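Take a look at the structures below.
The following pair of complexes shares a single chain, chain A, combined with chain B in the former and chain C in the latter.
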Partner chain A sequence: MKGIKDRVAIVGMGCTQFGELWDKNHRDLVVDACYEAFEDAGIEPKDIQMAWYGSRETGFTGTQLASALKLEYIPVSRVENFCAGGTDTFRNACYAVASGVCDIALAVGVEKCKDHSGGFNLDILEPFDRSMVEWDLPPASQFAQLATRYMYHYGWKYEELKRIFAMIDVKNHHNGTMSPNAQFRREITVEQAMNAPIISHPLGLLDACGVSDGSAAAIVTTPEIAKSMRKDYILVKAIALTNGAGQAILQPEYDFIHFPETVAAARNAYKEAEITNPRQEIDCAEVHDCFAITELITYEDLGFSPRGKGPEDVEAGSFTLTGNLPVNSDGGLKCFGHPLSASGLRMIYEIYHQLQGKAGPRQLKKVDIGLTHNIGGICGFFNCTVAVFGKP
Partner chain B sequence: MVGITSYGAYVPLYRLSREAIAKGARGERAICSFDEDSITMAVAAANDCLNGIDRGTVDGLYLATTTSPYKEKLGATTVAMGVDLRQDIITADFAHSLRAGTAALRSAIDAVKAGSAKRVMVAAADCRLGTPGSALEQNFGDGAGALLIGDSDVAVTVEASYSVYSEILDVWRADDDTFVRSWEDRFAATRGYLEVVREAVSGLMKKFGFSPSDFAKVVFYTPNARRGMDLARSLGFDVKTQLQPSLFDVLGNTGTAFPLMLLVAALEEAKAGDRILLASYGNGSDAFVLQVTEQIEKIRGRRGMKEHLASKKVVDDYKQYLIWRGLLPVEPRKETVSFLSAPAAWRERDANIRLHGVKCKACGTVQYPPQRVCTKCHAKDQFEPYRLSDKKASIFTFAMDYITFPLLDQPVVTTTIDFEGGGRMQCYMTDREPEQVRCGLPVEMSFRKLPMKDGIHNYFWKSIPVRT
Partner chain C sequence: MGFENFGTVSFTAEAKAADFIAYLEAGKVMATRCRQCGASYFPPKMDCPRCLLSDMEWFEIKGNGKLSSYTVVNYGPAGFEADAPYILALGEFGDGIQIFGRLSRDIEEKDIELGMSLMVSPVKLPDDRIAYEFRRT
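This part shows the complex of A and B:
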C-alpha cells in the first residue's frame, strides 16, 4: 500500500474573511476564495480538471461550485463530512491527483451558517432515525460531557480546570488579533473567560468558538508540475480520515476523556508521514478548538502531551506562539468561527503560509512540518481528519 | 375468584403550593412537570403495579383518562408499549367521564370473569386544567393509579358491584374547551355527587345485604375535601375510623384516577379480611364491595401512594406552573430539527417506547439503541431484545445547557448513563436539581414527552434521580 506522502503538492490557496457576512452568499464566498487560489497558483479556472465542493448547509450537488465558477462540464462532487468536511474535500482532490486521473484539482469548502437560525441544521440521524428522540441541543452539551468527565477522572477542581480552559481561550484570542481574516480580533483575559456565562456546564461562552460564514480553497497537483509553477509549493505528507462507529455510546468502556477517532487518525497519519515523535517532529499545528476541552484533549490524542498532562503543557505555555509547539497560530476556530466544511481548508491555508514563511506578524521561526486536525459530530459518531504537510 | 392481584400509583415529583395560586389557599396540589401527561403518568403507575410481575402474563390494558393527548388515536397502546406488554392483548381507552377509571375496572373484572382474559391492567390518569386562578385549579391534582385484575393470586376479591347513571351538567368540558367548567357547588353537590353516589352505595348495600358496619374502610371519590365526609356521614359511616382520607391537602382531585389512587392508599394500610367499599362519581357512580386476602402481604413492594407522596419538590412560582402547562406563552426555541417522521417513529417503536436494547447472543454485550452488527464481536443479526426501562443505572457523565429552553427547563441536563447489567444510553435527565447531578449518581428511567412537533406527541425515556 502506497501512502500519499510527497505525491501531491499544494500550489495555490485562498481564504475569505470569516464572520457574519450578511451581504455575501455562498457563491460570492466560493468565487472570492477560488480566485485568490487561482491567482496564487498562477492558473486560470479553465485549468481545473476536477473539483470537490465541501458544504453541509449550503450544499446542493457539485453544480453549486460549477455554476459559481463557470467550470464547464468537468466532474465536481459534493462532499459532506460534518466538521471534517473541508479536509475530506481536500483529501478527495489529493487522491485524484495521486491516482493519476488528473493533473490539477480544486478543493473548496464553504458554509453560510449565519443564514440558518441556530447556526446550522442539527438533523443528525444518529443514533436514532427520524423519530427524533435524541437530545436536540446545540453541540456544546456533547463536548461538555467530555469536560465533565475529564474533571471527574483526573480529580480537577472546577475552578482549576476552568482556568486551564481560559488559558487556551486567551492564547487563541491573542493569535487571532494578528489574523486579518478572523471573525474575532481582540484580546481577552483569563478572568473574562472564566467568568463568561455558562452555555453548557462546565463550558462558558468564551470556551466556545463562534458561528460564522466563510470559504477556503486549495489547488493541488503533482510535485513535478508544482516545480514548474513555483518554488515554494507545499507537499502533502499524510491525510487520515476516521469515522466513529458508535462505540462511545454502545460500549461502556469508552471513558469520555479522549477521542478514539482522533487517536486512530493520528496513528494513521503519523505512519503515512513517517513521524515517530510528534511532539519533536511537528513544528506547528491547527487543531479543532470548537470548545476549549476539545483542544485540550486533542493535545493528548495527537501525542503532543502525555495522557492527562495537557493542562501542564498549557500552564507551561508550550502551545503559544513562542512555545515549542505552537497550536492554532491564526487564532483557530475560536477566532475564525466554524463554517463547518470551510474550517479544514482554512487550517491548511494557515499551515501553507507558515511553511512558506508568509504568515506575517504571526510567522513562526522554524516550520518544516505542520499538522491540521478536525473533529466533528456527536459522541460515538465523530469524524476526524489529521493531515500533515511539509516543505519540498 | 376474580379481583385485584396488584396495585400501583404515581404522583408527580412536583407540588404546587396553593398559596401560589391564591393568597390564603391551604395545602398543595400535585402537578405534572412540563414533560409529563396522562400517558406518561399511566406508564409510571402501571410499571409500579407490575413490579416483580411477568409482563408476558398480562392480556389487556385499559387506559382511563379525560385528558388523553389525542382526540383521535388510542392512548392505551402507548401505555401498553411503555410498560412493554405483549402485542396480542386487548387495549381500550375509557374516556369522557371521571367515572372512566371505575368503568375500566368493571370492564376488566367482567373480562376476566368471562374468561376472555386472565389478567387485565387498568391504568387511570388525569392532568386536568382549571381556569388560571380559579377554585377548580386549586382543587385539581395530577396523578395516576393502576390495578391489575386477575383470577389467580388475588389480593383483593371483588364481591359485588352496582352502578347507576345520571344525566346532569355539573362538571364538564366541551370539545373545544381548554378548562373544566362547573355549575355552582350547591347544585353540583346536592343533585349531583351526594345524591347519585348515595343512590349507588345504598343500592349496592341493599341488593347484596351489607350494612355500614361491615366495612373496615370506605373509599369515596370526592369533588373536594368536605363533600366526601358529608357523603360518608349521610350513609351512616364513621368518618374518623372508616372513611379513607381524601389527601386533598397534599394531592388534589386527580379526576379519573382519584378513586383508584385513594383505593391504593387504603390497600397500603389494609390487612387480610378487611372489607372495603369503593365508589366513584361522574355522570353516575360505580360502587364495589372488595375484600382483602392474605395475598396482600406479597405485593407490598410498591412505591404506591405513600412513597410517591413523601418524595416531592414544592414549586412556589405560579408562573412556572403556567409555563409548564403551556398556559403562558414563552418564546419558542429556534428550530434546529426539520421534521419528525411517523414511519421512522413506527420502525423504532420497540427501541423508543419499550426501551428495548439488544443483547448479543454471541458475546453478551448489551447495546442501545438496537444494532444489526454487534459493536464488540461484529456478529450479524445475533441479538435478542433486552428491556432497559426497569434497570437501575448511574450517571457516567453529563452536561447542563443554559441557553436552549430558558423558561421551560433550565438547565437542560443531558446524561450518559450506564445500566446495571450492561448497556449505555444518552438521554435527557428530568426531575432533578442541578446541584444534585454528579458522576456516579444512581438514576432510573422515566417515560416522558418530548417537545411536540407537527401535531405529534413524541414520547421517550429520560433519566431521573432514583425516587426515594
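This part shows the complex of A and C:
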C-alpha cells in the first residue's frame, strides 16, 4: 500500500473571520475563503479541476460551491463527516491529486451555525436514525461524563482537575488574542475559568468552545507543479480518517477515558508519515478542543503525554507557545468557535502558516512537522481525522 | 413490539430485546449473557457482537453498583427541555455490566460522590411510560 506522504502539496489557503457573521451567507464565506486561497496560490477559479465541499448545515450537493465560485461544470462533491468534515474534504482533494486524475484540486469547508436552530443545537441527530430514538445527552453533557470518569479513574478531585481544565482554557485564550480571525480575542484567568457558570458538571462555560460561522479553503497540487508556483509550498505527510462502529455500546469494557478513534487514526497517520516518536518529532499541533477534557484526553491519545499524565504536561506548560510542543497556537476551537466542517481546514491554515514562518505574533521558533486532529460524534460513534504536514 | 412506552420520549417499538420492558413492568432490570462465550450485555442484546451467535439468556441485575461518572444536564436537548436539570450517570455493576441512565430525582447533586453505592430499579414515568433509574442503596 502506497501512502500519501510527500505526494501532495498545499499551494494556497484562505480562512475567513470566524464569529457571528449575520451579514454573510455561506456563499459569501466560501467566496472570501477561496479568493484568499486563489490569491495566495496565484491562480484563478478556472484553474481548479476538481473540488470538494464540506458542510453539514448549509444546503445540499456540490452545487453550493459551484454556484458560489461560478465553476464551469467541474466535479464538486459534498462531504459530511461531522466535526471531521473539513479535514475529510481536504483528504478527498489530496487523494484526487495523488491518484493523478487531476493536477489542481480545491477543498472548502463552511458552516453557518449561528443562524441554524439557534447555533450548534442541542438536538443531536447523529448517529441515530431519528425514527428510532430520542437522545437526552447533548454534547456538553457527553464530554462532561468523560471528564467525571477521568476523575474517577485517576483519582482526581474536582477542584484539581478543574484547575487543569482552566489552564488549558487560559492557554488557548492567550493564543487567541494573537489571531485576527478568532471569534474570542481576550485573555481569561484561571479563576474566571474555574468559577464560570456550569454548563454540565464539571464543565463550565469557559471549558467549552464557542459557536460560530466561518469558512476555510485549501488548494492542493503535485509537488512538481507546486515547485513552479512558489518556494514555500507545504507537503502533506499523512491523512488518516477513522469512524467508530458503535464500540462503546457493543463493548462492555469501553472505558470512557480515551477515544479509540483518535488512537487508531494517530497510529495510521504516524505510520504513513514515518513518525515513531510523536512527542519528539512533532513541533506543533492543532487538536480538537471542543471542551477542555477533549484536549486533555487528546494529548494522551496522540502520544504527546503518557496515559493519565496529560495533566502533568499541562502543569509543566508543555503545550503553551513557549513549551516544547505548542498545541492550538491560534487559540483552537476555544477561540474560533466550531463551525463543524470549517474547523479542520482552519486548523490546517494555522499549521500551513506556522510551517511557512508566516504566523505573525504566534510564530513558533522551530516548526518542521505540524499535526491537525478533529473528533466529533458520541462515544463509540466518533469520526476522527489526524493529518501531518511538513516543509519540502 | 414492546418499547413503545420506554423512556421520556419515543423509542423504537420493535426490538428483539422487547422482553426487557415486560421484565421492567414486573419490577426487574435485566441484562443478557451469551450462553456460548459468556459475555454479558447491558443494554441487553439478543445477538452477541463478540461471537456473532444468538444464544442469549436473561439475568437480573441485582445488588449494588458503583457510580463511575455523572453529569448534570442543565440545558436539555430538544424534547427534554422540561426535564432539565437532570443527572445522567454511569454505574459499574460487575461482570462487565456498565449501565448508563438517570439518577433518581431524590438524589441531590451535593450528595453525589464518585464511587458511591447505587442500585438500579424500574421507574414509572408520567403518561404510562416506564424506564429505569439509579437509586440509593
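Quick note on the criterion: the second predicted complex is superposed on the first by the 376 of 392 C-alpha atoms of A that agree within 3 Å, B and C clash if a C-alpha of one lies under 4 Å from a C-alpha of the other, contacts with A are read in each partner's own complex, and residues count from 1 in each chain.
Heads up, the rule we're going with is that contacts are C-beta pairs under 8 Å (C-beta built on N, C-alpha and C of every residue); 3 or more make two chains touch, one makes a residue touch a chain.
As the structure is a computational prediction, the values presented were derived from the model and not from experiment.
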- Go through the superposed model and pick first if A:229 touches only chain B, second if only chain C, both, or neither. neither
- Task: Could you say whether A:152 touches chain B, chain C, both of them, or neither, answering first, second, both or neither?
- Result: both
- Using the touch definition from the top, say if A:250 reaches chain B (first), chain C (second), both or neither. both
- Regarding the shared-chain residue A:144, is it in contact with chain B (first), chain C (second), both, or neither? both
- Task: Figure out whether A:201 sits in contact with chain B (first) or chain C (second), or with both, or with neither.
- Result: both
- Message: Let me test your reading of the model: by the given contact rule, A:136 touches which partner, first (chain B), second (chain C), both or neither?
- Response: both
- Could you give the residue numbers on chain A that contact chain B in one complex and chain C in the other? 121-123, 131-138, 140-141, 144-149, 152, 198-201, 203, 249-252, 254, 256
- Complex interface listing, chain B residues touching chain A: 334-341, 344-345, 347-348, 351-352, 365, 367-369, 371, 375-376, 396-404, 411-412, 414, 416, 418, 422-428, 434, 439, 450-451, 453, 458, 460
- Residues of chain A touching chain B in their complex? 117-118, 121-123, 127-138, 140-142, 144-149, 152, 197-201, 203, 245-247, 249-252, 254, 256, 379
- Task: Please give the residue numbers of chain A that touch chain C in the complex, ascending.
- Result: 121-124, 131-138, 140-141, 144-149, 151-153, 198-203, 249-254, 256
- chain A-facing residues of chain C, complex: 7-12, 39-43, 49, 68-80, 83, 86, 88, 90, 96-98, 109, 114-115
